[in-house]
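Both of the next two complexes hold subunit A, though its partner changes from subunit B to subunit C.
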Partner chain A sequence: MLTEKNKLKRLGNQLFFTGPTMLFFAMAVLIPFIYGFYLTLTEMATPSSPAVFKGFHNYVDAIRDTRFWDSMWLTIKYVGATVVLVNVVGFALSYLVTSGLRGQNFFRTAYFTPNLIGGLVLGYIWQFIFVQSLPSIGEKLGIEWLRLGWLGDEHMAFWAIVIVTIWQSAGYMMIIFIAGLISVPKDMLEAATIDGANAWQRLTRMVMPMMIPAFVVTIFLSLKNAFMVYDLNFSLTEGGPFGSTEMVSMHVVQKAFVEYKYGVGQAEAIVLFVIVALVTGFQVYFSKRMEVEA
Partner chain B sequence: MNFLKDRKFNSKLGMVALTAALSVSLTACGGNNNNNASGSPAASPAGSASASPAANDKPVTIKITNGKGEIASQWEEAAKEFTAANPNIKVEVYSAAVGDTLNVFDKMTASGDTVTIAMFDPDAALHKYADITSDLSNEKWNADTESALKNAAGQVIGFPFAIEGFGLVYNQKVLDQAVGGTFDPSSINTRDKLKDLLDKVKASGVKYPVAYETDDWSVANHFSSQFLNQAEDPNTISDQLKAGTLDLANNAVWNGYYDTLDMLVSKDYNKYGERPLGQYYDDAHLSVGKGESAMLFNGNWAYDSLKAVAGDKFGFIPVPVDNNPDNPLNNKIAAGATQVLVINKNATPEEQEAAKTFLNWLVYDPAGQDFIVNKSQVISGFKNNPNTVTNPLGAAIADAVKNGKTMPFTTNYVTASDYQTILGPDIQKYIAGKETRADLAKAFETYYKSKQ
Partner chain C sequence: MLARKRISASSLYVLFIVMFVVFAFPFFLLIVNSFKSNGEILESPFALPTNLSFAHFGDAFEKMNFGVTFFNSVIITAFSVIFILLFSAMTAYHLVRRPSKFNNSFFAVMVASMIIPFQSLMIPLIYIYGAKLGIIQSIPIPLLIMLYIGFGSALSVFIYHGFVKSIPLETEEASFIDGCNRRQTFFRIVLPMLAPTSVTIAILNVLWLWNDYLLPSLILIKPQHYTMPIQMKVFNGTYMNNWELLIPAILLTVLPVLIGYMFGQRFIIKGVMQGAIK
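And then the complex of A and B:
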């Protein structure tokens, strides 16, 4: 039986453990988010001028902004390319460094290291590679398609961002995959070998189904990161050439802080949030159903 | 987990939790207050601003916002020197951190402070903050500058704090070698003469005489705004465009600038001619700085990026628009105020008077002149300022200001953010050969009509 005092005690206990988290979650996420939504219903001339209520006008503007949808489409292409490639490369690397290679611990560290470098720094480093290093290699060796800087061509600039993304995040996904690979029961694989399964069959029929939880996490992370990409986009191409690599986050920032349309920019950010929430939500829901037990 | 069942301990725990929660929320509030307070400097004088109307000899405090974070300490020093000369006026300077996107003026206004003098870029002063600026047309210093910022009604609203200019930045050594003597920038006043010069540079063994990176801000905000200078007042042209009465496709000056651009970015002359876009800023500036190329299009701020050996000479050639050597557009450098000081009309009359005294001190007092040019290395817009900046490109602009060889800095007459984000991609597509001149003219006309 719960007396008043007991209830209070329980509440006190619960607050003790969850209170600080709730407080900071509210301060850093919940309240700014609600306030941000409120801002989409208003218009402000400067950040300090009073907010004028405008209803859903900003959303209409956001939906009519063709460049917003162009950059959204580009982002979706980028998401498609990076989610597939990051996971494939990450998985391949993890398979490689758990296969008993000599010095595999060194390689684990080496592949993970790019993730420790911030996106901005990475962007500037790779800008140098794409604009200076590769062209001079192309010139020295007479390779025609490498002779010119990558970032001046819209397609090559897009793939430049994809390449750097893979380089940056494949190592991180690799660590998650290693954890998944190690947890696949050895006896099961042994039994499969005795039953005559070859390496490919073991990989596709045993190891990969057992690793669905790892894939859920890595695909979720790479989806979310790809939709939200900004720093790399900014430092590597700045959206150029002629605005052809401007991803959706960058477009939102431009709308709000370059063109000073705070309300419209914020509304576009909310639209982006809804899309990302839906996509990742579906992804987690459906891939959870694919999980199997040994 | 035994202790959770212990009631005594538990109530203590509850107390601790409650205290912790309370103190966190208290500090949160306190933090807020601190934030507001941290805007004001430690040494806040007692008899401070927004006092009730007072006699002129009563102490006044003026608050200045400085948008150029790199000269924050110079401003502090200037404030002290000014107060030493004018003991009744205290000056508080609030500087933006370098790279801070939220400007100081907004922050201070939001927290209830009245800024007396604010530093804005001209576009912000004319539009975003138009309703706080006051009329400075009757100030004495107007006679000594041609760079004061006027609003559409013709009133002077901005004191030119920093002058900047753009043109074809050239490396003197390379051009001296090409012409076989001392190169004189005023000798290039037609497009054909520029072409001749580029050919001579090529003949002297330089593979690519031009290393122009055609970044969107450069080719849009700077290069593509130049055609506005065909009228005495650049606003005339933008008004005609907004009204839809100017046919750009048949406008000689507009076409002329793109003919020149075609030449500058062509495969024959430009290092990046084959693939003209793509983050070449550093490479372009190093090429000209080291003398591997002769010139690029940029402004006086480019000097640091050139990373030139000290003592090497650089200067500006005006961008030629046609083949008429008497056309003023071919003989003048586009230069003007890129940072202006405005006086907030919401400040008290005493504060506004004190602010005007401060502006005069900047122009006429040797200490004020020294602060702007020698200490801050900012190009002065005033002919009576005897000092010169050390940066050779800045000195070239300052020379042009003194000799009246400048024309309006056209970037100040366009909405720079729109030019970069709306027109920039079209101009870059034109450079990359993915759009025709007619398409480009149409893009300009559509843009201006949308601004009506």
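And then the complex of A and C:
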């Protein structure tokens, strides 16, 4: 292995190879992250006026902000619903498209398509469905729950966001599950079949335990995506009706860039960070412990 | 036995097709309605168009300033991806081949940073680069690209890191013996060997960058800097419920992506698969 003779050359290579990444990573992530803590301790009248030290006042405000906790609670419900449903649908799809039938690649491609389109535009596409198309079916067939626009109703609007999320992300998880399914040894399943295990037993006792690494990834991704949901929330309901579907990201954006309360907004963003870090940390830790060897 | 197999195969096909309809239906609705006038859309969103007029497409194309918007999206995505690939590969290579206390902790910090939600960075970002330094106002697009390089590097370094480890040292040693220094070895030997990984990372990043909305919406204030998602949002605000314009606009936004997908679908699916396994 070649080692640089002098220290200067060594430092030169270190800077050459890692310098650009370090610079931009610091610019985008490290500095704002640290500076964010400082921001929570200050208050300013407008974003351009000087920051005044306020101690932990912003955290107190954040804790007392009932709309923040409403949006957090709604987000947690949304996380619960989407993490379960996205993974169930994604897994079912992956099972379907690895069944060995002709044309399965075409269907894989089709089911993945919604992922190519961002949440914002998807929201507008589905707005047309919820606002225009479904009510028109309901009108013609006399189905009451279709006739009323879903997005105008507090409960249905929440489920509308959940449905579109499943439609968007299930295909992505499907791809990850396919990678996991392929790695399950076929001869092992055949042996189990000969020993008399039925399809359901093979699925729950053999395939699923061996796919825990795939589940670690999909659950992590769906957890993180759900906690951070903004685009879809924004384009589908804009938090309405009457703020009933405003999730935590949107609330933070609102606090910071509409009400210009940077300090409180950042304090709430840090609460979000702590929750996401704890939840995903626990998830990865516990599911790693469940992994089994083939 | 054979008959049973045939039944289960055909019931699987039914499932295939049901799911296909669920996934394709929204796109079908978009296409069908993009040729219709407001009156026709309101009357029946499901009816086929009576005549194929592209008038609304032309109208939407012009009103959303499609050429400029598309160009902005392409520039921002392309430059971000190229630099993410180059810098991340260089960094990952160095971190694997030169383990030191500093390099190991730098890698650990990058990996750990992946759990930070963007929402807890955006306020300081806007405050520092907007209110404090005024860069958002002066050079929004270069700033956005620089931030994207920063945000994209953690995952990309992480994926490259795994692959560099699998490259046998012997190939590099051979090139050292032939007189290449570290940089030459990287650019002539290692980088070409990383090409398949680079495709994976490029795909993951393009999917994210092309569709990203929140960060650019905070940085790109002037209409001439808008990317496709921002333009779509503004367009939706201006022409609320004016479906004869909105639907062609949505379709125009989605079309480039779908065309790209038609050509690169195998790479894209493979890329997502490999990106997740790592």
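Definition applied: the second predicted complex is superposed on the first by the 270 of 294 C-alpha atoms of A that agree within 3 Å, B and C clash if a C-alpha of one lies under 4 Å from a C-alpha of the other, contacts with A are read in each partner's own complex, and residues count from 1 in each chain.
Here is the rule we use: contacts are C-beta pairs under 8 Å (C-beta built on N, C-alpha and C of every residue); 3 or more make two chains touch, one makes a residue touch a chain.
Values in this document were obtained by computation on a predicted structure and should not be read as measured data.
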Given the touch rule stated above, what does A:Thr18 touch, subunit B (first), subunit C (second), both, or neither? second
On the A-aligned overlay, A:Val207 touches which partner chain: subunit B = first, subunit C = second, or both, or neither? neither
Go through the superposed model and pick first if A:Ile163 touches only subunit B, second if only subunit C, both, or neither. neither
Counting only touches as set out at the top, which of subunit B and subunit C does A:Ile178 meet: first, second, both, neither? second
For A:Val79, decide between first (touching subunit B), second (touching subunit C), both and neither. neither
If you stack the two complexes on chain A, which partner ends up touching A:Ala26: first (subunit B), second (subunit C), both, or neither? second
Figure out whether A:Val216 sits in contact with subunit B (first) or subunit C (second), or with both, or with neither. neither
Given the touch rule stated above, what does A:Phe273 touch, subunit B (first), subunit C (second), both, or neither? second
Who does A:Gly118 touch here: subunit B (first), subunit C (second), both, or neither? second
Between subunit B and subunit C, which one contacts more residues of subunit A in the superposed model? C
Where subunit B and subunit C land on the same part of subunit A: residues 13, 16, 20, 27, 47-48, 131-132, 257
Mind pulling up the subunit A residues that touch subunit B in the complex? 8-9, 12-13, 15-16, 19-20, 23, 27, 45-48, 127, 130-132, 148-153, 157, 236-238, 240-244, 254, 257-260
What part of subunit A is in contact with subunit C in the complex they form? 1-2, 4, 13-14, 16-18, 20-22, 24-33, 35-36, 39, 47-48, 93, 96-97, 99, 101, 103-104, 107-121, 124-126, 128-129, 131-133, 136-137, 167, 171-172, 175-176, 178-179, 214, 217-218, 221, 224, 227-228, 230-231, 234-235, 248-249, 252-253, 256-257, 262, 265-266, 269-270, 272-273, 276-277, 280-281
Subunit C - residues contacting subunit A, complex: 9, 12-13, 15-16, 19-20, 22-24, 26-27, 29-30, 33, 41-42, 44-46, 83, 87-88, 90-91, 93-95, 97-98, 103, 106, 109-110, 113, 115-128, 130-131, 146-151, 153-154, 157, 169, 173, 176, 181-183, 186, 207, 210-214, 218, 229, 232-233, 236, 241, 243, 246-247, 250, 253-254, 257-258, 260-261, 265, 268-269, 272-274, 276-277
Could you pull out which subunit B residues touch subunit A in their complex? 4, 7, 10-11, 13-14, 17-18, 20-21, 24-25, 28, 101-102, 106-107, 109-110, 128-129, 215-216, 272, 274-280, 283, 417-418, 420-421, 424-426, 428-429, 432, 434
